[in-house]
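Consider the two complexes below, in which subunit A is the common component and subunit B and subunit C are the respective partners.
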Partner chain A sequence: MIFAKTLRALICALLGILMLGWLTANVAYAQAPAPDEETYRIAKQLNCPTCAGRNLADCPTETCAQWKAEIKAQLDQGKSAQEVLDYFQTRFGPTVLQEPPKSGATAPLWAAPVGAAIVFLIGAGLVMWRTSQRNPPAAPSTPQSEGEDPFVAALEREVRQSE
Partner chain B sequence: MKSKPLIIAGALAAIAVIAGVFVIALNLVAQQGARPAVGSPAPDFTLKLYPGYRAGLPEEIRLSDLRGNVVVMNFWASWCVECYKEADALEAVYRKYKDRGVIFLGIDYLDTEAPALAYLQQYNITYPNGIDLQQQIARAYRITGVPETFFIDRDGIVRDVVIAPLTEAQLSARIDKMLAD
Partner chain C sequence: MFTDLGHLSVIFALIACLYAAVVSPLGAQRNDDRLVQSGRLAALMTFPLVLIGCLGLWYALLTHDFGVKYVADVSSLATPIFFRITALWGSQNGSILFWCLIMSAFVAAAMVRDWDAAGDKPLLPYVTMTMALVLGFFLFLELFLANAFLRSDFPPQDGRGLNPLLRHPGMIIHPPMLYAGYTGLLVPFAFCIASLITRRSDDLWLRSSRRWTLVGWAFLTAGLLLGGRWAHDVLGWGGYWGWDPSENKPLITWLIATPFLHSAMIQEKRGMFKNWNVFLMMLTFASMFFGTAFIRSGLLTSVHAFAASDIGPFFMGAMIVILAACAMLWLTRLDVLRSENKLDSAFSREGIFLIQNVLFLSTSFTVFIGTIFPILSEAIGGTKITVGPPFFDQTAGPQMAALVALMGMAPLLAWGKSSGAAVSRQMIVPAAFALVVMIALFVGGANQPIPLLLFGLCAYTLAQTVMEYVRGVRARMRGGNESVPVALVRLAQKNQRRYGGYLVHLGVVLMAIGVIGKGFYGQDTITTPAVKLNESFTVGDYTFTYRGIRPVPCEFNDCQTMQAMLLISSAGDGRILGAAFPYRDYYPMQQHTATIPDISGTFNNEVYVILAGWDNNGATASFQVFINPLINWIWVGGVVMILGFFVCFWKVPEREPAAAPITARRPAPAGAPAK
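Showing the complex of A and B:
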């Protein structure tokens, strides 16, 4: 009887602890900052200002933490992603953007590959045209007689003999 | 034989790309210019001051408007750990010299506003401070990081540059020398 009561009390205590643990875990989970996809997406489009070649989203430095906090704060204020990007560009300059602007001093960066492709196509066309002009298409070939090329004739004779 | 024209066209395209990149690089170098050497004129600039950190100056100031004063120009950032080390010294020396024709300018580099203002408040800084918009001043002075301090004399000539946190004694010694000249 005492054993059964003790067992019941133990089970109740265990359930209580489990319930408390589950509740605490849920509370902790609820309090943890939810991954902010929009902040991350915008941060991906910006450069870390202090380390070369790294985007803001993946950089663990204090500067980047501050910038990410600023992105989040501006989104919380209701600003659009473009407005946030414009803010960073206005404040820190176009070099802050992962993709340089398609206008101004950085426009040639976008135009260069297109220009190179055009130069390549025009150049290739011109060179091929000139080559075809220099070497006009050969007249329809006629089967060569044995007497035309002594080397070929000798070769053919040898092949026939070996057969 | 047929690949030869393609090779020539590819070479032409490569030359065009290299030439384009070269032009862009030259343009960027020309924009950046050289770091102002000691003894050379300090490049002029406009600085928009933070509200509450103007010390009687207008919202937007030009360095050339401060001619006739000794200017101590300090680049800093709230994320810069080394800047914390000299923050108290800068404020103390500013208070010591502010009525003797010495102007301190804090130039906030690559900083967002909230942490920057929190930093200024934390160190009780009262001298004029503003944001270096688009890093134009940092580029003109070719700074290599923060903190970096330029000492500019009454004629607008760079007298010294220090790329490290400064102590009160180091600041005072440089200012005294410029005031004595």
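Showing the complex of A and C:
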């Protein structure tokens, strides 16, 4: 049966890939100091003024090169990373930051997901609490021998029946 | 001539839609099957009619008929034939026509299915009506607001050519996949509406449309994956996902359709959450309209918002009307949709599905709020505040990690109520595996706590999912004399949805591993200062030596390509590992430069090199390098997810004597489409 064969082959291949993956996974690196690491790190946190939706570091345009030069110049003057970011923010507004500040006008943005997750989860919890209050804890709805997955038990029964 | 015939054909398709939308419910009210059948045939006819429309436009594209404005916009004399065919969806007006084609194909497929055999004849008139109305909306859009057939008075000598960014296999298959995903989800939506209109309280609409939902979901998944692949291969970001509005839009829909697939099971098995399922289905549909409205209106800037046009407000209006109609319909049917069963315990499959559902929705909401915040902030505060990837990583990321954790728990819990002892016993092996993996990684040098924990979580869920197969196979082997592979295949055949689903879970975990690897261990360099010929620079474990630059023939005839050559060697022992050939295409016609990365390295450690620029005919050049560990796991995981879909979806001919479905609350008739 072609389907069965394909599935078997695929699963074997998948397992093979998994094994290889775990064996060769090499996820630790030494951090190599690259030139202008600090400039790059700051540029990553700023929006590109010319290419939409990209950060300053990744954008190859002329304007971006000027901005990066500005970052480097300020760093050379001895400013800290935060001071450079603050400079850009006061000059161009919060729009310039990749990550909107967690305080001020953009605080609701950060609060919304957390709030939604909490409210939704509490809602789900309430639904479950109310329904379980109405129904006093009953015996498991499907009889199951201790430690036995009912699905597996049913599966065994089914196999025996089809014998 | 052919093109005008196509135009006419699309007009007829719109008329057929309107006819079907009126006649079908009329037939249902008058109990006249002839009218219902007439409406059905009219809806069926939309597919050939829209197809003729597409053929007409294809004809114009293939014959370089630049008199048609659309053809001049998306192709030129130099455009290869393959891209002239795919140019049909290369820009807005054509893509709406193509969208209509795919949607009408789904409509036709739903119409030709054997409604009598499926036992859901009462739903037919309203399914026809809903689908005809939605398809009619898009045809109206095509004809009156974004007509691809319009001719210009002064045809140019040559066209502008296809957007260079769209010349990638991922970008060519990805839009049709997404369209098929969205329009595939139209089918369950139509069944949902029909079920509400006919005041049914059962799960007929879910069972009848189950396989369609799966198809829609799978296309959406594949579309998202291919979109990521395209961004990775063509945009030169070094990444695969930039939280761009165009990417977020299908993701929002995916994050609603996925919990729906799960909660639909609760209704089928336990008769609960009926209201919830209707709500999710409507939300799925609304999210599709929302996304299209925002992207197409140009309110959100995106890497590939093809055209800002005036169809945005129209979409908005339609969305409000649809939402209002859906809400009214739903609210007047609340009494019909009361739950048949009570939740016995929170510690059950239903309970964990509920948690999973709300978590999915809050993730979806998170992506939604981040995507529209620029518009909100501009409307309220006057300044457009950009929300970059860090926001999404920090807010949606943890929620997704929690979903991965739930995925490792849910299979252990039984429907109804579970015993805590049995569940915790089943957690021992996977937890031990996770611990071993974490220790091994720690010893190997991965000592950041967060990714270490996340890898442990993935290892746990991975092992737990694999254990589901092991338990099933063992049960079959205990019951009968089956070898392991036979037992595995039979297990999947007999419980396709369960084990196909677990395969999808497995794919998600593999993907998560890739996301964590790239996210926490990815390395990138700043664009290097000009590197002189035969000079070297080092990134991570790799040393790159610049060997020159040369012009090469352009792949697509209409660009100028410069290709750089770099030698890659190991930073440690100097061993030569290979070469990289990143290049840049310049398209004079579009004044556009495409930066095509070179991707090399090993499976677990991708090396991604971009040519950033050069001077003096290549005496110096600058590069940007990304080291993307484990990123390939994302693609492997994606393939596994799609395989899982096939396991769920494939119709396996019964060979053994059929036993009664063991978990179903009632015998589940195949709510399968005809084809």
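Worth pointing out:
The rule we apply is simple: the second predicted complex is superposed on the first by the 104 of 163 C-alpha atoms of A that agree within 3 Å, B and C clash if a C-alpha of one lies under 4 Å from a C-alpha of the other, contacts with A are read in each partner's own complex, and residues count from 1 in each chain.
Please note the rule applied: contacts are C-beta pairs under 8 Å (C-beta built on N, C-alpha and C of every residue); 3 or more make two chains touch, one makes a residue touch a chain.
Small disclaimer: the values here were computed from a predicted structure and weren't measured.
Of the two partner chains placed around the shared chain by superposition, subunit B and subunit C are both touched by A:Val127. Within the superposed three-chain model, A:Ala116 lies in touch with subunit B and with subunit C [touch as defined at top]. With both structures placed on the common chain, the touch criterion links A:Ala105 to subunit B and to subunit C. When the shared chain is aligned, subunit B comes close enough to touch A:Thr50, but subunit C does not. Subunit A has more of its residues touched by C than by the other of subunit B and subunit C. When the two complexes are overlaid on their common chain A, residue A:Thr61 makes contact with subunit B while staying clear of subunit C.
In the superposition on chain A, the residues of subunit A contacting both subunit B and subunit C are 93, 95, 105, 109, 112-113, 116-117, 120-121, 123-124, 127-128, 131. Remark: subunit A residues 3-4, 7-8, 10-11, 14, 17, 20-22, 24-32, 34-37, 39-40, 43, 45, 47, 52-55, 57-58, 60, 93-95, 97-100, 105-106, 109-110, 112-114, 116-117, 120-121, 123-125, 127-129, 131-132, 134-135, 137-142, 144, 146-163 touch subunit C in the complex. Interface of subunit B with subunit A (complex): residues 4-6, 8-10, 12-14, 16-17, 20-21, 23-24, 27-28, 31, 77-79, 110-112, 114-115, 131, 133-136. Touching subunit B in their complex are the following residues of subunit A: 49-50, 61-63, 66-67, 69-70, 73, 90-93, 95, 105, 108-109, 111-113, 115-117, 119-121, 123-124, 127-128, 131. By the touch criterion given at the top, residues 237-238, 242, 244-245, 301-303, 342-346, 351, 354-355, 357-359, 361-362, 365-366, 369-370, 373, 377, 381, 383-391, 394-396, 399, 414-419, 421-422, 425-426, 437, 441, 444-447, 451, 471-472, 474-476, 478-480, 485, 488-489, 491-495, 498, 506, 517, 521, 523-529, 538-541, 571, 595, 602-605, 612-613, 624, 627, 629-630, 633, 636, 640, 643, 647, 650, 652, 656-657, 659, 662-663 of subunit C touch subunit A in their complex.
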